[in-house]
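These notes open a run of structures that come right after.
Shared chain: chain A. Partners: chain B in the first complex, chain C in the second.
Up next, the complex of A and B:
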């Protein structure tokens, strides 16, 4: 089922959580709402679910499969909601938790006891906890609890699955496993899903589409590749991973930054304007000697060699910190140690001109 | 009115604390009595934090009295130091705000209770309307479960309390009646006090402390844990499925407990009557039957039902009002107990007075 959000604004007292947000989610997609805390992503999710009511406005619409559900109560929207802290019913066993949504249906639409049992077992199998149906939530690990919460949300056969930072409370290793599992699950059942997260890695890895939010608005949306490789703004680029920042100025089709110059065909309108150069750590090269290219001279402060790549921290011009990420092979060709002088030059760059972006 | 300038000289430091105060005194006195005063620091050699504190104290005094006192030619380093101080960044104000005077807190308490009362009436009305509309989430099983927890669970402790209260009343009554040679009337005293007043009241307090707090804490935890939201996403109304069963169960449980307390209180009285007071069990029992009319029991039951409503609705209300962190759970629990005991006493007084005049 597709979801459309039209002109949604939400204020809590003086605080605006959402400002005229519009969002289209096609049927069967897994969309991630990504943003720092306070950007409004959870509020948007709760409004889609019906747990929160948007500010009154005749233009506001929330469409499920082209039908306006804004007036419908949360229970009538057929949404499965997974909460960050699981929100499992503590006095019920895993089995009862999952079965609960079915058991409380009015008699007319309630499945038979046998059907409910079959459905719960099917879900227990899906979440790979077949033998733990009799346990209580407090006897499970965080990852297991979150899977139970997911099964509980899926039990009512929702049209839409909404996940509010589902892996936020779990440790890194479990989170990675669950992330992959969620993606597999989505490929299997193809339910329209919205995932709220502040973890950019999670969003980029799991989602079909990423919606980056900032200060109650949507900053950019697109496929993970689009937003990662073609960020619409400095904020998006910075939020999606570490960046090195250089300040400079646009001058006659070039942007000049502390010894670096980058072609920048922005037209004369941008001439003289302040510009920022953003380079990801893996897009920087490190040389022992200046090699004729534009480069920045810096002092190596630290080298991290543990891990899949070598991370070098440097102290650049004006005491600015620089981060360079190299493959082990590349590093072996020109090894540096703390205290060495090195030259940093970018392979790929993005220039953001003040009040202007390319 | 012209400004009077006061020139300060020399260092304003910890070493010159008294001199600084003496130097500031005339400026403050002028501001108080004559008119605007200006303290000039142009000729001051050094100002340390102690000196600064003294100046600030004088400024605050003047401001508190609505007088004009200004400081001019403040040295750059002092200004820089002051600009570093944004107390909001590093220090938090006390959460409770300024401490209220005794009378003020009395008034606050009164209004808080009155507001509670209004909200409480609103909830009772809402619950009644919901009940009449036959809510679909309300299940008999949930009510029975709660009756077991609230009612059956309280039986041992309540039996003991009821028995002991009967013993106490018997002794208290005998203490006064024995001089009149009217020991037999201990039975009247025990029977009537238990049925009309003490059983409902003691049961009410016990249930408020035992179950009211538990209900408030449970609902508050569910709210914080988003379990109530989880219910709503499954098309279950938390009011019908979580709050109503507890309210109904409490209303069922309290009168039953009161009846039990009545029986055990009378038994307690019997033990004292037969033992220290040397009455026969038969005459005690006959006297109980003479003294107690059905109305006495019914008034007690009316109170019991009222207390049940008060305890459960206040507990549900305080629990579901919680927002934010788990620290509020404790506050909600306390508020539920205090508030329900207060309103029980108010209702008790009303019922008692009405029946004193009515019958």
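Up next, the complex of A and C:
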């Protein structure tokens, strides 16, 4: 079932959590709402669920499969919601937790006891906790609890699945396993899902599409490849991973940054304007000799060789820190040590001229 | 127990020998010794406490029983075999039976509203709930006399319709309700605030209506604290003297509760009956304490379980 959000604004007192947000989520996709805390992503999710009411505005619409559900109560929207802190019913067993949504239905639409039991067992199997139906939430690990919360949300056969930082309270290793499991699950049941996260790795790895939010607005949306490789702004690029930042200005159609010049598409119109160059650590090359007007001189301060790649920290012009990530093979061709002088040169660059970036 | 001085080097040695690990944990028994007070401090404190408890709690209780049984078990039981005494017991039970459920409903409703919703005037409501604790019970009684007495605001209207509140059972129930209404609410508010609204929201998303959410999610989570509040509320409802004394009028056999009956008997120099009746109230108090301890123990167990659960999360 597709979800469309039209002209949604939400203010809490003086504070604007969402400013005229529009979003289309196609049927069957897993979309990640990604952003720093306070960017409005959780508020947007809660408005889709019906747990929060958007500010009154005749243009505001929340469409599920082209039907406006804005006026419908949260219980009538048939959404599955997974909370960050699980929100399991602490006095109920795992079985009763999962069965809850079916048991509270009005008598006419309530499945029989046998049907409920069958459905719960099916879900317990899905979350790989078949033998733990009699346990209480306090007897489960964090990862198990979150899987129970997911099964409970799926029990009512929701039309959309909404997950609010579902792995936020778990440690890194459990998180990774659960992330992959969620992706597999989504591939199996193809339910339209929205996942809120502030972890860019999680969003890029799990989602079909990533919606980057910033200060109550949507900054960019696209596939993980699009937002990672073609960030629309400095903010998106910075948020999606480590970046090296160079300050410079545009001159005769080229952007010049302390010692290196980069072609810039904006042409002469942008002449004289301040520009920023952003380069990811793995897109920088390291040389022992200067490389024409395409490199920056820097001093190596630290070399980390433990791990899948070699990470080199350098001290660049004006004392700015630079990070370079190289493969072990590449590093072996021109090894450096702390204290050496090296020349850093970008392979791929993204220039943001001041006016365009914000 | 030993003087703390020699234990300090021992603790230091233990910590030093395990410098690789966590010294605070491996220090074990030595550090526990170091944290203990010297024996004479503990002995003095325990003695003072026991003396105080004996003098001010155990002794009076014992004297009540002694006085009540002074003329034998027969006289003790005979003092209950009297229409005035029976009617006082009956009235006390009635007023508790009416005020406790009233305050149970009110307390749950108020705690629910305060803990789960944001609204203006919330702090005013919290202060209002505390009001009966803050003012003297005699004044609580006077408020009702001023409202419903013959010379009171509603007096003429009540007389016209032949409704008696002051110096009658309704007044006693009203005063008891007023004095005991903070117990349940105050017990529930902190617990419900701590529990937050996540579980209720989860229930609503799953399609439960408000009543189902309350009955299946909220109520089970607060049941022990609720029982605790009800026990305290009941104890106070049966034992209340001041407020009830003002509104009752002390009409023997009609508007006397147990505490008032004790006073009347005592003033009539009927000491055996007075102390026998008092022993009934004292027995009730002890019963309440036992029930309270049992519930407290349950609550602590639940808290510990939920704390362990929270610890496991992080």
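Note that in this section the second predicted complex is superposed on the first by the 353 of 358 C-alpha atoms of A that agree within 3 Å, B and C clash if a C-alpha of one lies under 4 Å from a C-alpha of the other, contacts with A are read in each partner's own complex, and residues count from 1 in each chain.
The rule is short, and it goes like this: a residue touches a chain if its C-beta (ideal position, glycine included) is under 8 Å from a C-beta of that chain, and two chains touch if they have at least 3 such contacts.
Being a predicted model, the structure only gives us computed values, none of them experimental.
Asker: After the alignment on chain A, I want to confirm one thing: do chain B and chain C clash, or do they fit together?
Answerer: When both complexes are placed onto chain A, chain B and chain C end up clashing with one another.
Asker: Classify the contacts of A:169 with the two partner chains as first (chain B alone), second (chain C alone), both, or neither.
Answerer: After superposition on chain A, A:169 lies in contact with chain C alone.
Asker: Could you say whether A:141 touches chain B, chain C, both of them, or neither, answering first, second, both or neither?
Answerer: A:141: touches chain C, not chain B.
Asker: Have a look at where A:100 lands relative to chain B and chain C in the superposition and call it first, second, both or neither.
Answerer: A:100 contacts both chain B and chain C.
Asker: Mind working out whether A:74 is in touch with chain B, chain C, both or neither, as first, second, both or neither?
Answerer: Both partners.
Asker: Of the two partners chain B and chain C, indicate the one touching more residues belonging to chain A.
Answerer: C
Asker: Need the overlap of the two footprints on chain A, from chain B and from chain C, as residue ranges.
Answerer: On chain A, the overlap between the chain B and chain C contacts is residues 49-51, 74-76, 79-81, 83, 85, 87-89, 100-101, 104-105, 152-153, 156.
Asker: Give every residue of chain B touching chain A within the complex, in rising order.
Answerer: These residues of chain B touch chain A: 136-137, 139, 225-227, 229-230, 232-237, 241.
Asker: Which stretch or stretches of chain A touch chain C in the complex?
Answerer: So the residues of chain A touching chain C come out as 49-51, 74-76, 78-81, 83, 85, 87-92, 100-101, 104-105, 137-138, 141-142, 152-153, 155-156, 169.
Asker: Which residues of chain C touch chain A in the complex?
Answerer: By the definition above, chain C touches chain A via 198-199, 201-209, 212, 216-217, 220-221, 305-306, 308-309, 312-314.
Asker: Could you pull out which chain A residues touch chain B in their complex?
Answerer: Where chain A meets chain B, its residues are 49-51, 73-76, 79-81, 83, 85, 87-89, 100-101, 104-106, 152-153, 156.
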